[in-house]
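In the two complexes that follow, subunit A is the common piece, with subunit B as its partner first and subunit C second.
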Partner chain A sequence: MKNILLTEDQRDALQEMMNISMGQAAKSLAQLIDVQIILSIPTINEASPDDLIEILNHSDDTWYARQSFLGQIKGEVLSLISKEGCDAMAELMDYDKPLCDAQTQELILELTNILSGACLSGLSNQLELKSNLNMPTLLTPSTNGKPNYNWATVLLVEVCFSIESFSFNARVVICLEENSIVSLKTSLDALLS
Partner chain B sequence: MAIPVTIADDSALSRKNVRRAIPEDWDVTISEATNGQEAIDAVEAGLADILFLDLTMPVLDGFDVLRHVKDNHQKTVVIVISADIQPKSVDLVNSLGAFRFLQKPLKAEELKVTLHEVGLI
Partner chain C sequence: MHKPELLESLLRKLPMGACMVDIEYRIVFLNDFFADRMDCDEKDVLGKSLLELFPEQARFLKKKINSVFILKNESFSYWEQRPHIFNFLSSRPVTGEESLMFQNMEVLPLMDDSNEVLYACITIQDVTAQASYYNDLSKVADELDLEHKAQASLISKLKNTQSQLVHSEKMASIGQLAAGVAHEINSPIGFVYSNIEILQDYIGKLVKITQFSDKLIDKIGQEIHQKLKKDFFERHEFDYIKEDVVELVDESLDGVKRVKVIVESLKEFSHADAKHWAESCLVEGIESTLKIVSSQFDANVTLHKEYEEGLTPIFCMGMQLNQVFMNLLVNASHAVGDNGSIFIKVFSDGDYQKVSVRDTGVGIDASNVSKIFDPFFTTKPVGRGTGLGLSLSYNIIKNHSGNIDVNSVVGEGTEFIVSIPVKNAI
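Now for the complex of A and B:
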């Protein structure tokens, strides 16, 4: 069994890196829509694949997208975007209204790219661990069953972006698989020393 | 006499970075706060003629602290050090009376230049 539990210092450092990454993500989106985005304090949790599937348990009020990444750290980024507020968001991002299904999908994937892309690249740059993000795909109850994860344990790093004026919120959950957690810990220790 | 300075940030790493970036020859007494309420308490207790302030914090965030300081302690010099680099956040920070906005991760040289510019060192 690999030692994948983070020490308090490692957790604090990872949380701060994620805070910096989400600030960059929010800036990218805020520049497009000219609205202030409220940032959450990042949370970090060890979890089992069942917990992950629980996160993806379809709720009617949320859009789900997933994006895998490979490299010196590997895993998946899940984006959970509230359906509420999406119309207002689409308008600010110059989509034609009313949104057809294809445009809705495009909007969700674009938001996913902006937010999860910046969160992951910010994190991997600070850790000095390279990773490449694949294209996001939308998860719908009809297109997918439960994703099949062969990991025993994952580390979930989660942040939330919200916009009060039109009740929009987006959660970005970075899931790191076991071997990547070991690399992560080594990298955090090097940066802390 | 040493100037009372408080570093308010929920991250221990980040507080350490600010501590390290403070010029060695600057005569200050440093206190730390780990959330917005503690930052306000430090100001009230006279521990923060200068306040280095993060924005994204639990209990009360940095914006709340800025509002309180603006209304009650106009002599406190607030330098915001945050990762929330959205233009609207920076504007809000400025309108709430902060002296400067420095982006995380903090660079020691940038802090030194800023302290010079605002006449603190």
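Now for the complex of A and C:
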């Protein structure tokens, strides 16, 4: 059994680093879409399959998307984007309104890519662990009941985005698979020593 | 192995499009795949603005490229949302049905050592085969779905028809049973009736004969005879009997008469063939139906009848119309409960003869009015209504090319108007 639980020091260090790098990400985002973005302080948690199911428990007022990443750390980024405020967001991002289905999907995927990219590069730059995002896809609710995950624990690094001038929020969760947690811990230890 | 020429040659030969642009969107590199699909030589387009070369997608490409330069992250586009970013021809010009290439795009940042983005590299993946396959599949799925829905609606239609059929079969066999019973009772009740009539006559005569003998004895008999007679008459309560016997016979005759009427209206109501088209009078139909159902009306319910005079018989299926009238009257009696009025009106209106059944009952909720002719729709308690009466009535009226309309106000009452065309084609 690998020791995949973070020590308190490791956790604090990771949170601090994420906080710094997310600040930079927010600046770039503001430059791109010309709006003030509010970021939550990143939270770091271990999650069981049940916790993840809870996160992905589909609600009608949210879009769900996922994007995998490969490299020295591997995993998936989940983004939960509020339906409310999407229209205003579309306007900011220079989409023609009213949005048709394909355009809405494109907007969600674009937002997912931008937000996941910001969060993931925040993580990988600070720790000097390279990883690349793949194409984002929409996550539709599973019709086969409870999914059967073949892992026991993932590390969730979660950041919430919201916008000052109108009601919109997005929740971005980086899920690191077990082997990557070990790499992450090694990098954290190197930084801490 | 790490010779730059080799790497460049690999990049040129990659089975996907690659195009590098600088921050001003000028093309700085184009691989063979890209140049080939653009149908140009690399050297002709180098230094030109990608946005000017593809003006239709300029806005989109600009957004994507900007985001890569600013965020230093990859940006993607998927064929499902944006199938043809570049107007490249299909990679299957001979066997494919599509004319344009389906593309997935990924824009990558190319960074220098100081972590600044120098170029954006646009890579294009040809996914025409997958996209066409996927599109075909979803087309088939849509067709299947449509067929499935059509079948489902057909099945529910079939079920409705079947249950209506069962119900009308049931009604028909009840009708036949009634006709059979009526026929069987008809002859015995006939002779009982005529016997009682004769008996009535005989009894009158017998009473007269006795009275005559009574007087005769009084007149010519001796005192002993008179005393004997008086004693005998008293012992047998002659005075009482001679009055009661007449009453009894009259009552019996009256009762048998009523039985005769019921039997006759039963016979009338259930003409042997339910689908029999014949000249028939609506008023007669109403009357014979009333004889059957009026027993269901509460004593406090008043019945108002208004029949237009001189209505001609119309060509119809009388027995089936009676079933409609029965449904309407039974519903009306349920609606008024133990107190209220039911108005029946028969009148002509242009090419139609109309029957209106109006009650002062509870009325029908506006949200239910559209559903009352649906099979199995009922607001009556379990066991009281099948939910088929009005649906069956509706079909019967439609078979007569007629109409059945309803006006209802909650709390005030309901009126059903049946319109049957006078000249009915079979």
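Rule of thumb we're sticking to: the second predicted complex is superposed on the first by the 184 of 193 C-alpha atoms of A that agree within 3 Å, B and C clash if a C-alpha of one lies under 4 Å from a C-alpha of the other, contacts with A are read in each partner's own complex, and residues count from 1 in each chain.
The definition used in the following text is that a contact is a pair of C-beta atoms (placed from the backbone, for glycine too) under 8 Å apart; a residue touches a chain by one contact, two chains touch by 3 or more.
Quantities reported herein were computed from a predicted structural model and do not represent experimental measurements.
By the touch criterion stated above, A:41 is placed in contact with subunit B alone, subunit C being left untouched. By the touch criterion defined above, A:93 lies against subunit C but remains apart from subunit B after alignment on the C-alpha atoms of chain A.
In the superposed model, A:105 lies in contact with subunit C only, and not with subunit B. After overlaying the two complexes on the shared chain, residue contacts for A:32 are found with subunit C alone; subunit B is out of touch. Contact with subunit C, but none with subunit B, is seen for A:135 once the two complexes are overlaid on the shared chain. Residue contacts after overlaying the shared chain place A:113 against subunit C, while subunit B stays out of touching range.
When the shared chain is aligned, no partner comes close enough to touch A:178: not subunit B, not subunit C.
Of the two partner chains, neither subunit B nor subunit C is touched by A:84. When the two complexes are overlaid on their common chain A, residue A:51 makes contact with neither subunit B nor subunit C. Shared interface residues of subunit A, touching subunit B in one complex and subunit C in the other, are 31. Within the complex formed with subunit B, the residues of subunit A that make contact are 9, 12-13, 15-16, 19-20, 22-24, 26-27, 30-31, 34-37, 39-41, 126, 192.
Listed in rising order, the residues of subunit A touching subunit C in the complex are 28-29, 31-32, 93-94, 102-103, 105-106, 109-110, 113-114, 117-118, 121, 132-133, 135-137.
Listing the residues of subunit B that touch subunit A in their complex gives 10-14, 56-58, 82-89, 92, 104-105.
Residues of subunit C that touch subunit A in their complex: 59, 63, 66-67, 70-78, 80-82, 104, 106.
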